[in-house]
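Chain nomenclature is as follows: A, B and C, assigned in order of appearance, with residue numbering initiated at 1 for each chain independently.
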Amino acid sequence: MKLRLTTRGALEAAAYGTFILVILLLPTVADVFWLNRFAKYLVYGMLGIAVALSWGYAGVLNLGQGLFFGLGAYMVAMTLKLQSETSMQQGADTPIPDFMAWNSQPGALKDLCCIAPGSWLWIPFQSQAFGIAMVLLVPTAVAFLIGWSIFRLRISGVFISIITLALVLLVRLLIVDWQPVTNGFNGLTDLGWLTFGGFEFDPYVVPTYYLVAFGTVAVLLLTRLLVATRAGLVLQATRDDANRARYLGYDVARYQVFFFTVSGLIAGIAGAFYVIASEFASPTFLDLTFSVSMVVWAAVGGRNSLLGACIGAILINTIQATVSESEMLAEAWKAIIGLIFVLVVLFLPRGIAGLARDIAMRLAALLGRGTPAAQPLQKSE
Amino acid sequence: MAQNALVIDGIGVDFSGFKAVDGFSTVIEEGEVRVLLGANGAGKTTLMDLISGKTKSTEGSVHLFGREITNLEEHQIAQAGVGRKFQIPSVFRDLTVRENLIVACARQPSVLGNLRLRRNAAERRRFDEVVELTALGDVLDRVAGVLSHGQTQWLELGMLIGQGARVMLLDEPTAGMTVGETMKTAALINRLRGDYTMLVVEHDMAFVREIASKITVMHLGKHLAEGRVEQIEQNPAVREAYLGSGGIH
Amino acid sequence: MADTLFIGLSLASILLLVALGLSIIFGSMGVINMAHGELAMIGAYTAVLSGIYLHLNLIAAIPLAFLVTAGVGWLIERLVIRHLYKRIMDTLLATWGIALLLQQAIRLQFGATFFGVNIPGLGTGLQNVSLPAFFQQSWKIGDFVIQPYRSFIILVTIALAVATWALLYKTRWGIQVRAIMRNPEMAAACGIDVRKVSSMTFAYGSGLAGVAGVLLAGFKTVSPEMGATLVVDGFMVVVVGGVGSLVGTAAAAGILGEINGIVSLVSNDILARAVVLALVIGVIMWKPTGLFNFKGR
């Protein structure tokens, strides 16, 4: 017994170690343009982790994860927009987003306080520290409120998916409609760079890649640690049988709200990193397609494995970007991803991670460190 | 005289006109194994729902060791010391037996209190105690979903012990068991006798004779009779109520 | 105002056709069919193609589209859904994959583009279906303008809704479907061939979506992505109306369609959609069984 458990633990540690090593050593082989691209895929990897946490571990299929991603993205984009050179060139002492200046009434006071209705909301974002604080705060608060309403009312299953789906579409519409403040469909472009202690995080330099890479590693390891705690175990217990957990004395809703919020926070952080690497924020982040895509990545990678979902996201996006070089292939790829998804759901519900684990366990067994017969009885994580 | 563990006073619930449980009262002493008898639809499971908070009562009260627990939330009643075992065994099927018991044995109900990796000494002691009582030591690393029916039932019972329930509500703990498994369950319940107070719904009279200190009979949601096994078997009112099914065997 | 209400009613009609199919499928099989909008899209393309190649007009395309989409639905049920019973979340994901596949199939002209072949009527571009001449003039009664095509949409929907009601409540198949809605195990134990009934149900629901697609093609441009928002709207209707309640679904389609119409009139389309979404979220939160579900939980 003990031996097989250690085999499992060792295999998992090896998988995490290899993954982390690969992304940290990538700058030794890739140029900055490629690294910039890969930084974005790492961000998608974070989204995979967020989905696996809420779907795989909590059993909550959130079809609106893009809401938190979008909120995080807009928070950092607002502060970076004000750092942009063009914002300083609007003929005022304080920075003003160019779109506000273009759209302003003739004779309107050129100041964030009143150039457009609601533009005063931008004032505190002149401080980058405030913007970053909002990245952490806003998605967390929104996720908490949504989670609290949903789980207190004991809404479950498909209804959660429909509510979250409706919410992300609702907020997307509000952002699009609130044109004077959000620049509507066009989103926030022409952003400045994140600066930290005098260093400017130009998206096309190696340190920016490392910023995102360390962020991803931190999110991955902390989340892994979180699900290994007793609270993480109670969460999985809740997923299996919420009533049993209640009758053991756990206030199930609190666990669900807590992890739903953590998942939202991860997505929010991912959104912020994405903006740093890609220099724009757009309402497309809140498209239904994007939120469902995240679920696809996690499903293909393995919904019950944080690392699997993360790698699934990176892998699919890398392949997609590679085939997108040719327009023909890009269109074919969309069909292929649809097909892959149907096949994974039908034949590989545990995703690549499940497959890898089975193969690794079998190999380990062949090497004489366990018995294959006992393997299927092991917990399928 | 022992302390009163569970005092049920005139409890009832009205499902839009239909009273599944109607003014039911009984007192269960600490350490007692009380068996609840009654035909299908007599309201036994609903009574358990009322005690454990799954169904909110429309009249009456429930006291646990002198503390009122009427209509609290399920988890609050569980924290107060009531454990519940379901007719269809309910365990965490995708977790291992070990993880099931760890979740049950945790002494901390709050999220933040459980953001830790290690168990404390008290939890570990209780875990070992439960493993010893239920004899699940050999299957600790199996997922609960692949256990045999008997093992699943014992795991669920073990989880109630682990959660520190002082009063256990057991809904047909031997349903679907083989004779051997039933005997083993009876032995387990008899080992727990005295330390735990139990309210058991059961149909198998051989098993009832094996474990019961006292029997309460329910009929159409109401309290019909109460007494020792022999008294109940002789009771004319009980015979009357059971006449349709040919008396109790 | 009356015009707005009338247009709102015709939009609600199409919504109802989409939602009816979703509701029957979800109610009886527990399947969330994310490809439902794409089935409507296929219906619309059936109208386009039958116009080009068979010189059929829009009215004649309706039964054809019903058959085509019902056939596609039947295939989906047979090949995928059947293997996912009891895994409700997974049906949602698998049908999403199917939706992508169907969209791409049209866009890539079933793969013909790879060989440099172009099939007129398919592909990424926008297609139009012209209405028969008698739909194009409009009559005036006082101030009120009757648009014949909008009226036609409403009539077809009423006819199909009544037909669906009759199928569910007056036929043997309907009794079986309703039995499965209540308790599939019991239905199977009573000798109902659950699998066969389920394929038929899925096919019928898909067929309704196909008809919605044809009707939509009469006043909107047809494109591969036209179905994407339909499924979301359809689901909102199902949820608000209460799963498995025909009357509720009809009422919810009417309410949501009209609210959409009225709010767009007083403010704009975007806010109209936002209001509808907010309303739907509220309904799920406070009355998860739907506004028109009179049965207790």
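By definition in this document, a contact is a pair of C-beta atoms (placed from the backbone, for glycine too) under 8 Å apart; a residue touches a chain by one contact, two chains touch by 3 or more.
Here is each chain with its UniProt name: A = Urea ABC transporter permease subunit UrtC; B = Urea ABC transporter ATP-binding protein UrtD; C = Urea ABC transporter permease subunit UrtB.
Just so we're clear, the structure is a prediction, and the values are computed from it rather than from any experiment.
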| item | value |
| --- | --- |
| Centre-most chain [mean C-alpha coordinates] | A |
| Identity of the chain that, by mean CA position, is farthest from subunit A | B |
| Centre-of-Cα separation between subunit C and subunit A, whole angstrom | 33 |
| Length of the line joining the C-alpha centres of subunit B and subunit C, rounded to whole Å | 49 |
| Centroid distance [mean C-alpha coordinates] between subunit B and subunit A, Å | 44 |
| Partner subunit C, residues of subunit A touching it in the complex | 61, 149-150, 153, 155, 157-159, 161-163, 165-167, 169-170, 173-174, 176-177, 288-289, 292, 295-296, 299, 328, 331-332, 334-335, 337-342, 345-346, 349 |
| Complex contact set, residues of subunit C against subunit A | 32, 80, 83-84, 87-90, 92-94, 96-101, 103-105, 107-108, 113-114, 228, 232, 235-236, 239, 268, 270-271, 273-274, 277-278, 280-281, 284-285, 288 |
| Residue ranges of subunit A touching subunit B (in the complex, touch as defined) | 1, 4-5, 225-226, 228-231, 233-234, 236-237, 239-241, 243-252, 254-255, 258, 377-380 |
| Touch list for subunit B against partner subunit A, complex | 52, 54, 73-75, 78-79, 83-84, 90-96, 99-100, 102-104, 106, 108-112, 114-117, 119, 140-143, 146, 159, 163 |
